[in-house]
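Read from first to last, the chains carry the letters A, B, C and D; within each, the first residue is number 1.
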């Protein structure tokens, strides 16, 4: 396996819910095997166990709540997420923003149980701030481009290069992913050319007519 | 089966996480069979599939987010909850409060996919308000008694009888559960005597040394 | 003065900020005097004192937080709002939603210091729920029509008549206002014809080229 | 005036509400004049205009919402805060936490209208993250010490020195304040000895029997 990372966020897309999540994870597994590129999938909380127990692929949680064991009804407790089979987690996705204190607490909670961590950010300044918290990855995604079909690597390459520069200045061990509008092989190649170590993507693949073909196109230029 | 309802909320208790949730659900199944009393269990999101696929017991979600299919990373989508095997859901638990608009939207979302609905409230006035939204049940729980070990049926019986009266005046088809501090057979009996059709409980059972014995005591007075 | 009520919400419009709020309040005062119709203004927190100390008009707060005296940095404490000169408050506006428990607690806090209360709702069901909490008024505003320029009285009269019916069934002392898209005399007249006792409005007046003329048109059909 | 900064947060203390806020501000003015130390006061939103128009002292807002002019009922709009007479603002106080994206947006909004900015943080890691956003000051306050009467400078000096070191490594132009439990002259002196440029304090002064005497004691050791 290479050191590149692709994380496919299933959000609450109906195509990626329940058995659909399992099917997409299987396609990811096949394309990862054929291409030698690491692909992880981030299903909904209720699907983490279902996917991880049926497909041998890195599974990420879409979020977590920085709560411990106890009286926290309706919260996403890190021990439960890990027990369900997740090996990593997104933190602070633009559709699930956390306070700064809770991003820090979520990172601590995730590290304690050995989950990989990806903190999502929206611009260069917040990427720098996130890097100061020492996650494994920062994933910069300009919110206005999410789901737009316009790849950030084309629409706003400066947010990617600026984030990489700012992150590296603060903690050179933090990898930078980029997201928003990424769906094709040329988008991924452009992201890597800009210095990103991978991408976070969603609708372009999850809603594709043929998921496997879309994934094959995605990794075709590396 | 009787028409009484016991819902055991596993919150994020470590004893009720992962395989622990499955074990508690099995104890509930056995005690339900022996006693003829309906017992449902509300595990964490990540455990819904795991419990429902291993134990034949009504499984409730601890919460849901009133979002549809789409770009809602980290949210609890009702279709996913139902697909994972839940037959009902708590809404607006005191540890997971929703806006009034979102309680209404959550009820609509749950009804659309056929989930039973329990709206949690904190006093007589909010019980009346919740009844106006026509859930299957209103569960009144004074927050200061939750986890206290002091049963609401003893500490504040008026909040139970007042809620029942207020709820029935608005919609007589809505059942009233009560919660907070309930753990023993006498507490459940007292709740039913006050007119409740069941109880919502948590720590008293989940953290008991012997879950099955605690459940057996719980149903022993009915 | 009549028993009709018009509440002009200044939101964070630049035209209704600072001295602008004072100017709009003066226009409201003049039109109220000329027409005999009660007009209240709801400026931003920071402008309540400024408006109330310069113009003799009922001033409402746009929201409040149900906190007491103490360690609540950044919160809108009801004693401070009242001390600044407000005589009433909006609660749960669609742009500032509260949990059900906090709507109830806000009502209690407001009543304790003698503020009039208007709970905003988004449909018939939430209007019924709000009525169960016994505010002075429920103001129903379908969110999709707010700021649209399409008056709710024309676009969705059933949400107004349905809310009035539902509210009256639960507590006939609660008055119903309607909002969203209201700006002209014919809109207000239509709202009153549907059974509302007044309106909650904003952009149509605040952003009018000539505020006073817009207000004069508003009350011209009553 | 020295370059030291003392910011007195009035929270929602009843002693610091309405005319009480004006009185405390007057005491601050007198002690600032006598001692040559900069003292600013942060009253509730509704009191900003009242204080700033009656006392010639730097007034800070306790928070702000990163919204623009428009449809944002109940929000604290920066133009309104500035117009009311504030010259600075707290951002992300532990009692009013913001998302990382909103801290960044609040800073941009405040800078645009010329407000001084103090971002509150809870530990060394979040202080570093805040520094990456380039506020004028970072104020580190371990939440468990707030209102405790135990000064952070004594209970946890490492959080102060660690924050200063982390902040300076990222942006040496950002000043570090410390807070939590500070009320006496020795606490302020200890904070300055640790390298802080000032303090953020609240209950120890606001709830003192004699505010002016408490303030005089506070500045007596510098």
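Assorted remarks:
Here is the rule we go by: a residue touches a chain if its C-beta (ideal position, glycine included) is under 8 Å from a C-beta of that chain, and two chains touch if they have at least 3 such contacts.
Keep in mind the model is a prediction, meaning the values are calculated, not measured.
Steps from chain B to chain D, taking the shortest chain of touch contacts, total 2. Chains that touch both chain A and chain B: there are none. The most distant chain from chain A, with centres taken as the mean of CA atoms, is C.
With centres defined as mean CA coordinates, chain C is found 37 Å away from chain B. Computed centre separation for the pair chain A/chain C is 43 angstrom, with centres defined by C-alpha atoms.
Inter-chain spacing, taken between the CA centroids of chain C and chain D, is 33 Å. Shared interface positions of chain C, i.e. residues touching 2 or more other chains, are given as 94. With chains as nodes and touching pairs as edges, the resulting graph is a single ring in which every chain has exactly two contacts. Per the contact rule defined earlier, chains pair up in contact as A-B, A-D, B-C, C-D. The residues of chain B lying in touch with chain C in their complex are 92, 94, 97-104, 121-123, 125-126, 128-134, 166, 170. Looking at the complex, you find that chain A touches chain B at residues 9, 11-14, 17-19, 42, 44-50, 62-63, 67-77, 79-81, 83-84, 90, 93-96, 146-147, 202-203.
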